[in-house]
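Lettered A, B and C in written order, each chain numbered from 1.
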Amino acid sequence: MEPDHSRHATGITLRELAERCGAELAGNGELMIYRVATLEDADPKSISFLSNTRYRAQLASTRAGAVIVAQRDAAATPLPKLVTSNPYAVYARIAAIFHPPAAAAPGVHPTAIIAATAKVAASAMVGPNVVIGHRTSIGERAQIHAGCAVGDGCSIADDVTLYPRVVLYANSVLGPRTIVHSGAVIGADGFGMAEQDGRWLKVPQVGRVVIGADVEIGANTTIDRGALGDTVVEDDVKLDNQIQIGHNCRIGAHTAIAGCTGIAGSTTIGRNCKIGGAAMIIGHLDIADGTTISASTGVFESIRTAGVYTSAFPALPHREWQYVASVLRRLRSFATRVRTLERSLENKASEKGE
Amino acid sequence: MEPDHSRHATGITLRELAERCGAELAGNGELMIYRVATLEDADPKSISFLSNTRYRAQLASTRAGAVIVAQRDAAATPLPKLVTSNPYAVYARIAAIFHPPAAAAPGVHPTAIIAATAKVAASAMVGPNVVIGHRTSIGERAQIHAGCAVGDGCSIADDVTLYPRVVLYANSVLGPRTIVHSGAVIGADGFGMAEQDGRWLKVPQVGRVVIGADVEIGANTTIDRGALGDTVVEDDVKLDNQIQIGHNCRIGAHTAIAGCTGIAGSTTIGRNCKIGGAAMIIGHLDIADGTTISASTGVFESIRTAGVYTSAFPALPHREWQYVASVLRRLRSFATRVRTLERSLENKASEKGE
Amino acid sequence: MEPDHSRHATGITLRELAERCGAELAGNGELMIYRVATLEDADPKSISFLSNTRYRAQLASTRAGAVIVAQRDAAATPLPKLVTSNPYAVYARIAAIFHPPAAAAPGVHPTAIIAATAKVAASAMVGPNVVIGHRTSIGERAQIHAGCAVGDGCSIADDVTLYPRVVLYANSVLGPRTIVHSGAVIGADGFGMAEQDGRWLKVPQVGRVVIGADVEIGANTTIDRGALGDTVVEDDVKLDNQIQIGHNCRIGAHTAIAGCTGIAGSTTIGRNCKIGGAAMIIGHLDIADGTTISASTGVFESIRTAGVYTSAFPALPHREWQYVASVLRRLRSFATRVRTLERSLENKASEKGE
């Protein structure tokens, strides 16, 4: 029922795949491979992979023609294989051979509305109903899909892809090869206001959003412009869907953040961090390079030392949780009672001259 | 001040409402009903309902002409009434009589941009600035509202409604009568990348999103396409706003999920589950049919047995919470101290030969 | 490298700024100020400010021409200054002088699609690809930016700004000077359905969203229409990005809510509340005026007394957290053991006739 969208017409030999991906070939290198597939869904024309030990049992039963495995799993299958220290990375490279990113025919759709002072590269694609503001530049081979709204003074580098209905507010900057998924909003005003006499005064948000090269930004993610300076997302940062990044944050290069995470204003996340889904990091913090923050974890203090940090308590059956929660509420008196017990025993001991 | 948008011009008798909804009539069946209203806001031309015991006190004071109640509440009001085992469902049916879903005049707006190979049913409505891709099919009576972007190879069944500015990426499938609210993004790339030498390689996301019949998807909700296989949302699933569903998830039929919940990739949610708002479920889990997960709860392990699961700790006054949190941090030493006390008492007991 | 977008062409004297903002001038009032800047980034043509004590050390090293400070900090800098009890509010006013909100040239873009029965004020701006429904009114100087979809029967007051790609469902009401950022969806159906025989019946959502004056609504925030009555957001409420507000909520005047917060249906938030990011408030609650709810806090019961409420537990190193979580799970037996110790000591005491 699934359309045959993942099949390569003429096939590629396993030997060629090994060479193009830098993996070690074991078995029949002349085997023709036509597609990538999971161990469970593969057929003899497919190459599959094992990277998550959770799926190790499927290695024995897969119908795949060939597999990508780590050295430690190589003996567990008689299939022709690619052996590598990083099966998932080799899989990623092979999948990209069978599914190269779609190129778009250059040209500007007649319904696109492009300001006279904007510059659009001849090789760029600008889709229907796109609006591009004054002094904005669009780089070579960029793809600006249907309904995107790009404000004045933006800079969109070569090979950027904006999927349908992305919004860039004025003066946003996107580095080369960056991908932004639908519904993302880059450069909206940060949440800045001053309280006076019980009312709010809006604080003008006049900084920019500056995004580096090779960044990917998920659907409906929001990145606010800086209040004064810029909000910065460095190279090779990967942001999942529905992430919120407040004004004047800086996200260090190669950091990956899973969906639904919120980062409040003026927080700096280091390089090569991994942040789980639905994490929450308050404002004005510094998170060290290489830090891992678990899913659903709240961060309320700077993290100076790389490591794994967690605060999410796992679900329990409701009745049991109710009991835990009720004891939690009474922890204060509980602590007092233990102290009392200790004193009482100490007193007894000293009475006896122990 | 509110416009009279909920009033039926000619009215319907209470007897007819009883018959059309399968409820038991008690009292004057000839009473004309013109609208639905809450107990608090009702006037004598309105029918109201009691389903949440929280509002029971309003039953005595309502100015409604008639009410929908459970048997146990029937004696508590002298008003003409519909008696039923499920007042909220009967209310839903009656409200739908007074407020039938808006039908749209068939036809394609002249500003819509429809690929030559797309097929749009003659009875469908395609609004202004809609973009529809190659080989996409739009079913009978479907409503595709302003500014939607529907990619190539999508299949939209009969009676589907897409509110303004929905995005479907290529190859997405929507079953009959499914409703998608504004800003939802269906089929964006899942969050898949392989780490190599401190950098990220994008893993092509080549599966689809397949959504069943009678599904409702809330505003700004995102459902990612599968990495290899499909992400599946089965029939009659109800998703609130701002939900994130990762690649290769499967959501079982009749499951309802409240707003702001995130479900990471490759997790399977059973049938007839109820998931509270702002829950977070990590990836690669299985949740049993009929499971209830409380609001704001984190799920980090598969749930094999249906039941209610909770982990959210309720708010306390900040000072009290600070104390609880500080004891929490010291629970390790606390446990040690209790063990020490126990040993100390055991020693005393054994010294005395008890 | 940053464009010179925050510089005032001719400059303004410090004396004039003091007068226009009601601050006390100390030092050279003839100093010309051309821009606002942070203490760290300021140059001698800039005015900067100190309101967060976290940045106090920068006061000594700033290159700013002048600063805005509280009385207690005035002696800490020899620079010309504005002294005030509320430096951040004075800064907000001065920043607004240097960065007045952009006015838009009046007029309707030729690609906008406006229903014949809609009324658009002559001074309003309606951008490209905007769609405006029947009987909708757009006030004086309103700005409706590219790609917004405004349903039938909406009322948009004077000086409202809708950034690109906002959606208003039918019958939504926006008060004067309200700002709505891109991707926000106002008036989608609330999450209402009745369960019957394991299936869901949709409950028609026929109320409205009514938003007051001077409200700001962040990017990708969603506010659902009422089920029967209205969902109400009162004057001067400030909502950050990616907030979800359920049907029939009421948010009191001057309340500010940070990003990623979810508020379930029929909850009433009082006036002048402050709600931190990623908070979660379940439905049918009442929150007292002036309440503060900390970031990442879950609220499961009404709050009758203003104060600060918290439930978020801060992240710990993962190993430590695992230990805490495992003790948490055993709190029930833990409580029993302490009770046993207490009884044991009481018994000993009574044995001895103490």
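Simple rule for what comes next: contacts are C-beta pairs under 8 Å (C-beta built on N, C-alpha and C of every residue); 3 or more make two chains touch, one makes a residue touch a chain.
Just so you know, these numbers come straight off a predicted model, no measurement behind them.
Novice: For the Cα fit of chain A against chain C, please give the angle of the superposing rotation, nearest 5 degrees.
Specialist: Going from chain A to chain C via C-alpha fit gives 120 degrees.
Novice: Could the interface between the copies chain A and chain B be described as same, meaning over half of its residue numbers are common to both, or is it different?
Specialist: Different, since most residue numbers here occur in only one copy.
Novice: Taking each chain's centre as the mean position of its Cα atoms, how many Å separate chain A from chain B?
Specialist: Each chain reduced to its C-alpha mean, chain A and chain B end up 25 Å apart.
Novice: Multi-chain contacts in chain A: which residues touch at least two other chains?
Specialist: Answer for chain A, listing residues that touch two or more other chains: 111, 129, 147, 165, 183, 220, 242, 260, 313-314, 316, 328, 334, 338, 341, 345.
Novice: Which of the residues in chain B come into contact with chain C in the complex?
Specialist: Chain B residues touching chain C: 2-3, 5-6, 36-38, 41, 52, 54, 86, 88-89, 91-93, 95-96, 98-99, 101, 109, 111, 127-129, 145-147, 163-165, 179, 181-183, 214, 216, 218-220, 236, 238, 240-242, 254, 256, 258-260, 272, 276-278, 295-296, 312-318, 321-322, 325, 328-329, 331-332, 334-335, 338, 341-342, 345.
Novice: Quick one: in the complex, what on chain B touches chain A?
Specialist: Per the stated touch rule, the residues are 111, 113, 129, 131, 147, 149, 151, 153, 165, 167, 169, 171, 183, 185, 188-189, 191, 193-196, 198-204, 206, 208, 220, 222, 224, 228-230, 242, 244, 246, 260, 262, 264, 280, 282, 284, 293-294, 297-301, 303, 307-311, 313-314, 316, 320, 323-324, 327-328, 334, 337-338, 341, 344-345.
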